[in-house]
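Worksheet: one structure, shown below.
Labels for the chains are A, B, C, D and E, by order of writing; each one numbers its residues from 1.
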């Protein structure tokens, strides 16, 4: 009946450095096992899977002539712009929905509706309204990350402990301040979930966004490679997107750790 | 300095029926305003937008000869299977990640990696591994909804109030029971956010999934219509998907209301 | 003497999944300006509910609550509230929690710092000014909540069992301090406690509530002079009043339980 | 008499963002089987921390805690805990909260029902058996938490200010009840309180703690017979012991504060 | 004559299981639609499962995994067999639907200089555009070429966001309907060298591993082709029944599909004409950067088997 004492957070009575080392070790091992499996699979399915080696070679090639970096820069710019706008909008709209019943009533059906619409279907409309420049591309990414994270934010807002809001209200706080100083920090855990998911959605939509008359970008690179069945380049694209997404996610995780150190958790 | 008394939940000291009526009214008005805008836009852009009337006509046609229902049934089956499997997996894996540091270390990099990979890019792999039957289609949908909701579940698990877990532990609860009886209910708000987003992702991935040699389904219907630029049918598809998504989301909302009535909220 | 807070035939009915529960029934009570009112009564008799209505956080199902003659429509910084459950902002340090109300009031930085340091000193949390609430012990959390309410310097203090989690010495210290500032600034105080001695020691009038439904059982005027001293606490009059309140709370209660 | 709980040179250091805080320093204490120990001390002196280590929820940074001679590795149902902050499961009704530990123990349904009804009766929550925690008043929540710990019928009870939010009458009732079952079943009880009178009234021994760093200041044996009656509470010996504890807690404290 | 030959030979044999893919447009569906209608599968001893796809590459993928035995693809995918990813089993038709169009006021390819032109990457339209530009003495760099998928081309053109487009019927008809004044400035027929072949492809080892199945399928393809050629007027209604697509669009598409007589295909295979066509396409693919080398059509066109079947 004796369980081990539960892992505790940084404020634990025991220091946790050793655990952190073990953590990284497991991650690294897991990544290598994954690479190994990929390599094995690529031997079994040479037509559909590039081998890690070929991909690495292609990566070096693409990096060597600079095209990779142009494409990364273009995509990063789009993802970042779309994600930033989408997140800010999601927080504002999510608050509005959580706070004002009228706003919730007016917006809810539309959000639920558009959330299930594939981004590809939005593209023709975006072109007509916004042309073939950067605007529609950023718009599609914005939309995707907005639609994902607005739900999380909204849920965060309605889950805020009522006594905390009351505590703010009795100190004379107006709605705006309650939002900024209580609802936002209290729903930070939810908002960060939303942001992390929104970021995923933003990257995943990138390829669709760059269907819109893009001349550069990782999605464009992959689409071009796809029509030429250039597996190596497709895999380079996937891996670069994956790694960039992972890095941005790490930044969010780090931000989360900083922003929620007040939280008591396991 | 006098603010209005905040809207409170069902346990409020005032009954809220009138508010609920107003809520529906606003929603309905909002939907009609949206339809009006669409109709206006369709007059301005006849090539890109079908008018609501044409779409309604086409809907009746497709419903009349039964094809619509066959397609709906096929798609619903796929979405439902993928969503169900994805959600169950997400809850299990999310728990594992939140609870066991080793699991978190091993899985985290992969989840972060795949979350940013567009579902379109997974399709070739799915075909190689699973052929062209129902399996790869359901797999792609499963993956999409899993990747979205696993993050939410994980966050829910690590956000569970430590004292509640302690309260369970001192009553002699083992890890499994703590998970089932404390962590799961306490993170229900998070899990439900995840499920709602996962559902969105499942529907949004449907079209991509039905790229894999589908003989039926709404995504298939839309793709076919696309080769003939049959806008009316595409819009019928979008609207049916939207409405089905909305309905399923309502069911989740209803479940949420039932499952979290213990929660104190505004 | 004009009425600072007036409850006029106030009822509060909680509606929950169809069934309803009368937490407070037809309460009328006038609290004079500068009056120190304590509220006692058995657990669940509606003390917190009554206070929440005075705070403007809960709308009466019937009747009205007026402050300075105006019907209440919501909370305001004129009425400081200490909640039964601390309600500290977990994402702010002790200092930031206390400073919160002052920032809302847009006080200048140095004025804020001065006041925060004063009240932290008062509640003995100076050393923990930069700690997160999660690192505080139960009593320290409560002291932090008290400091937050004091800092904003409201003209009405609504306190829900504020000294409940404090050890005896701190408690006495806080009582003295509260009476001290009250005699100086003459705020209006509504103070909920489950300690009959504390209720008598602090109050102009003790409101004794009864449960099922929550209502006022008796109002006992405490005709003892301020400042209240240890001497007064040990006096015959004090003992009599304490017994009177005790009987009002519990004699009635036991009668009811028996019936 | 064998030792039920043994603290051997136990220290607890909280590490937080680099800095560290010694909450409990080098505490050694043996609690005999069937002993009733109360712990008093100023707010923040490490009472809860000490209890959490006995519960197995916190690992000592140094030293060891043993129960029945075995070094503790985690919590178990043999030690029932009542937390300072209720810690009710908000998604379960009062009845389900109380039943929780019994379900864990896999007791049959009718046995569970019987026990739940008994303890709910005991704490006076029978009428609120099907209410959600959010609809309970502060005192009712605390009574629910007490009921939950009692229901599981543990051989050790670790209670952190369990009667803090109760009104006087309920409090006395709960004290009697606790002593009553303790004399019958002879559990081991470790009971934290900030009420010196309560500490003396209940205990075999009163552990007086001091702060900065948290440590045992003095152990005062209460040589009064059980059952403790109103008579004993009014006796000279009782008054003497109360003063002794009071001085141990606060005289030392004021000295330290002055230094 | 060949058809009768094989059918009488096969009907007594046990049928062979096969999965056949098609793309749900008029041209892509024609063979399976006719085979269904005439019950040719039974006749040629193929126990068939028909699978619908939306593009060629996915089918080629499925060929590679053995989930699919025969795959219909348009001309845009022909470079795949040239790279050894599949083999051509049968010729289906010659497409003549590709067009280069311009907004009102643009009259020739030269007018596109400096203008924005939308094109679905790697398609026959893309190939036509490169050729037309070269013919007019321009290069890809002289225009602003933006790649987009077909529905996007339509919206972009209609809303005036692009000045020209390389796209095909029936999309051209859609655009013309909504954007009066649209001009066709080049068409596939302008380049007789370039023959946009639609084909049935099969796995790289089909000829070695299951020659009997290949033979039966080729025979079926021949018979279906002959029927299509003979009953061109009935094709639209046959397709409409199978596809449930808008009739006008099918009719529009049908106008630009050239089904060669079976005999002519056999003849052109024997005399190497088709090999030449494929080589020309191969060169074009190389110019576009899709493939590195010129492959020998003998290595990927199973013409001999087709002739014999």
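The criterion applied here is as follows: a contact is a pair of C-beta atoms (placed from the backbone, for glycine too) under 8 Å apart; a residue touches a chain by one contact, two chains touch by 3 or more.
Just so it is clear, the structure is predicted and the values come from calculations on it, not from any experiment.
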Could you give the fewest steps needed to travel from chain C to chain E through chains in contact? 2
Looking at every pair of chains, which has the largest contact count? A-B
Identity of the chain that, by mean CA position, is farthest from chain C: E
When centres are defined as mean Cα positions, the distance from chain A to chain C in whole Å is 47
Rounded to the nearest Å, the gap separating the Cα centres of chain A and chain E is 40
How many Å are there between the centre of chain C and the centre of chain D, using C-alpha atoms for each centre? 27
Multi-chain contacts in chain A: which residues touch at least two other chains? 1, 3, 6, 11, 48, 124-125, 127-128, 163, 169, 172, 261, 263-264
Of all the residues in chain D, which ones touch at least 2 other chains? 14, 16, 56-57, 74-78, 85, 135
Residue numbers in chain E touching two or more further chains are 61, 64-65, 151, 154-155, 158-159
So in the complex, which bits of chain A are touching chain B? 1, 3, 6-8, 19, 22-27, 29-31, 34, 45, 48-49, 98-99, 101-102, 104-110, 112-121, 124-125, 127-128, 147-148, 151-152, 155, 158-163, 165, 169, 172, 174-175, 189-190, 192-193, 196-197, 199-200, 203-208, 219, 222, 234, 238, 241-246, 249-250, 263-266
Applying the document's contact rule, which stretches of chain C touch chain D when the two form their complex? 14, 16, 21, 40-44, 47-48, 84-85, 132, 135-140, 143, 160-161, 164-171, 194-196, 246, 249-250, 253
Parts of chain E lying in touch with chain A, wherever the complex brings them together: 57, 60-61, 64-65, 76, 79-80, 83, 85, 116, 118, 121-122, 146-149, 151-152, 154-156, 158-159, 161-162, 289-290
Where on chain A does chain E make contact in their complex? 47-48, 123-125, 127-128, 131-132, 211-215, 220, 223-224, 226-229
Within the complex, chain B is touched by chain D residues 55-57, 74-81, 83, 85, 87-92, 100-101, 104-105, 132-135, 148, 152
